[in-house]
């Protein structure tokens, strides 16, 4: 069987580096393990960014998210880690990562982290 | 860390065995692996049943669904297997299991299997 | 302070006992305690019935549901108990009680119990 | 000022009495008074019917509903009264009246009364 | 300018006359005039039918609905007339026409008329 | 580049041929050409069936739908053709195909065709 | 039985104190008592904050909210008290607390209180 | 019977006058009379405000809205009058009143009036 | 029959000219003709404005919109004309007109034109 | 058969060039091919712009979008190309193009590119 989970984020050249434009990726199939109980957690991960010279290759991002499947990770740490890894790989002008986690104990938690100066709208 | 995935479904006595009533359980956090590609599949599993002498204990059902996390399984086989396992454990008067799988290749697939005679409504 | 929780269901005469008609009551503010963990459970209770000579007085039904606030009760038992108490009080021609419980452990559970022959539609 | 509330329901001839067809009217602006507290109650009234020789004139039905504005009336009584008055005026082959009342004391109540044999569908 | 409103419904041969299948057409842009006040009325017209040897040509149905734009017509009469004209043109095995009219005087009215024996489902 | 559009529907053995269960597939990315104007048409195709000894292989069904991309086809003919081809390939106990076509000329059209006796519910 | 309601909010170190990021928690299962009538009130509590050195531990926050179950408290006071207690415990850079209370007497009330300077977006 | 409509708005001390926080009240059960036709009008009234030393007592606000039931009042005048009366009673730092009126003559009208400087967000 | 379409917009004095407040009118029943094909177009027209000394009388606005029923008009021209006519009649401090046109050729078009300086919010 | 896909965008004079107003076009029927796999991609394209002396003729824009049907194109390149072509043709004061692509590999991607200074609102 072909592809496997991977922490490696591949990048490709931005086809329009002269323009500030925004790419949004929604990934509703994120799952990891709770570091306290070992039980599965589920979330939707949303990424918005303004690319500079590089954009993230989508298939490698899918495999990157898959790589969390067997890892224990706190909500706040997951979101900051995804942001750090993406920023390290694509060096965007601006990026936001949101983790929208399923209800646990009657509480619904969302974590939002940002890199760089937000775009003017 | 406490609980672990388990194929064992626990049951408890039905508190009202003299009455035909219906229990519905929706589990939106089901995930297994695609047997062809090895990649994760995601689904919502819905169970409806009319208990006889036993009802399924909910925490054991959660652990049962968790046990599919690392297994390769076709959509049609998952749903029929969950139905077979639940019927074997709780011996219901009637039961329906639905697997509502996330889009793959632009196709959204749902599988519905039933045991026993449906309730009159 | 005036009213208090009460297990007593009051009834008033049905203003149209010669006609089969249906009354539906939705109570989204039901809460009791989990008998295993002692923690609060939350549900919406829905009642549908065809009255015979009596109808349930709504304020007393509100106080009746309030009386579960400090009680430990399993999902299946709550719904069957509410049905039994209402049937005992209003002696309907037909009645259905649904308990729609908030997500616990990623599972959403609904219990539906019925008394008498369902209405033809 | 022109029109005033009125208990008189006007009728006009059914343009297609040879065919069983259904007319549905939804009136979301019904208000009356609570007979216990004197405070306003609000509801949506829905009427479905299969006419025989007559259909209800819509403006007169609007004025008819308006005539409840200053009356104290229980939920169950309102719905049965509207059904009786409409049946008396238009002599339908079948009719259903639903009163969907706004939340009071955390309870949402709906009352449904029917005249005649329901249509086959 | 090309097309014009027309009362003529064109038909084409049914490509699968050996099978009972259903065609549904929703037309949200119907408008006529109120025969009492002369003011515009608006509705969505929905047609469902099982064709026999003929099906209605869609462009001619669009022009047919357009032909009501300057006509005064009661709600109940519009729906029965559309049904009669369609039945006359396509001779279906079964047909249903629904007129869902915009709110007038706080009342929302829907009229449903049917020809032939409804399909078994 | 790998896969290409194909009229060949592949099948695989039904894993539970001893049980009547239902498979539902929704394909929102169907497009063909209008045989009159040559312009693109868009639709969602929905298939429901009860398999007998075979089930349709999903990837081949995706390629099958893709094969309509450059073909001119009337709405009613598309749906009956998809039904005929699927029935020929998987020989189901029952099957329904729905084509839900995008608005053209202000009209929204849906076509529904069925093979075999519908399931009891 | 294990956990019990508690006014003690536990905190854990912020895993990314060098970055301004936002945590959002929605708690739809809040209930307290009306201080005038003694009857239960229900609300959804929403918290948004930018942590500094500490983040609130979610289980302790669940128990904290549970501790209001038997207390009489006005809407406006509840929201300001939750904000004060959370600010005292986690010392955030910015925090907002919303209480969205169920309808009483036909009125739906929401209270929103904020601490610190709102984040630039 | 107890309470009656009243133009008197009662106030209570603001429990947190040292903080700018917002209170929102939605009242979907407002009705008055059209000053031209005498027929009933219906609206949802929404109030948002930042209190200073006083907050409005909710039951008196309910009775205040009830007092419009038999009055003829134009849409624009109702909203400005409610704003003037609330500002006179609670002397807020900021307040907004919205009247969202039901459709009349195919037109849906909303009126929004504000007092004081809007809050920074 | 009474009223007729008319290009004359009537105005009445603003009851609160000393305050900047906003009036919003939604008219979902706008129809005109396509100037190229002569076929009917349909749109929802939305008007928002801050009045100065005058407000538009709603019935005359309804008749004004009706006057487009038999006119050929491009989308962009309709919206700018309605804005010009309303500004000419009521001399507002600020006004916005939106035309939200039904799908034609698979395209959904909206046109938004504004007069004066937008309100601070 | 008449019209064919075309890369030529036609323009017509802006009927109100003295005013900054906004035109929005939503095209939910965009399809092209994936340049890696050759398989069809689907998207909704949304265009917002403030015209200067020219506006885009809608039918030519429909044919322009159709011209992508047989082309391989990356998501990011499609959106930047549509923006470049439209800007070249209509020379707007401001323009935004959004491509909202269907889910592939569990990821939903949206690309947003802008030309000129955004409008003040």
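By letter and in written order, the chains are A, B, C, D, E, F, G, H, I and J; residue numbering begins at 1 in each of them.
In this section, a contact is a pair of C-beta atoms (placed from the backbone, for glycine too) under 8 Å apart; a residue touches a chain by one contact, two chains touch by 3 or more.
Here the structure is a predicted model, which is why all the values come from computation and not from measurement.
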| item | value |
| --- | --- |
| Chain pair with the higher count of C-beta pairs in contact (D-E, C-G) | D-E |
| Chain centre separation in whole Å, for subunit J relative to subunit I (CA means) | 28 |
| Geometric centre distance via CA averages, subunit H-subunit C, whole Å | 36 |
| Intercentroid distance (Cα basis), subunit I paired with subunit C, Å | 51 |
| Centre distance in Å when subunit C and subunit J are each reduced to the mean of their C-alpha atoms | 55 |
| For subunit B, residues that touch 2 or more chains besides their own | 28-29, 42, 102, 106 |
| Touching chain combinations (by label order) | A-B, A-C, A-G, A-J, B-C, B-F, B-J, C-D, C-G, D-E, D-G, D-H, E-F, E-H, E-I, F-I, F-J, G-H, H-I, I-J |
| Subunit G to subunit D touching residues, read off their complex | 42, 102-103, 106 |
| List of subunit A residues in touch with subunit J within their complex | 14-16, 19-29, 51, 55, 58-59, 61-62, 120-121 |
| Complex contact set, residues of subunit H against subunit D | 1-4, 28-29, 31, 36-40, 42, 66, 69, 102 |
| Subunit C residues touching subunit B - in the complex, by the definition given at the top | 74, 76-77, 79-80, 104-114, 118 |
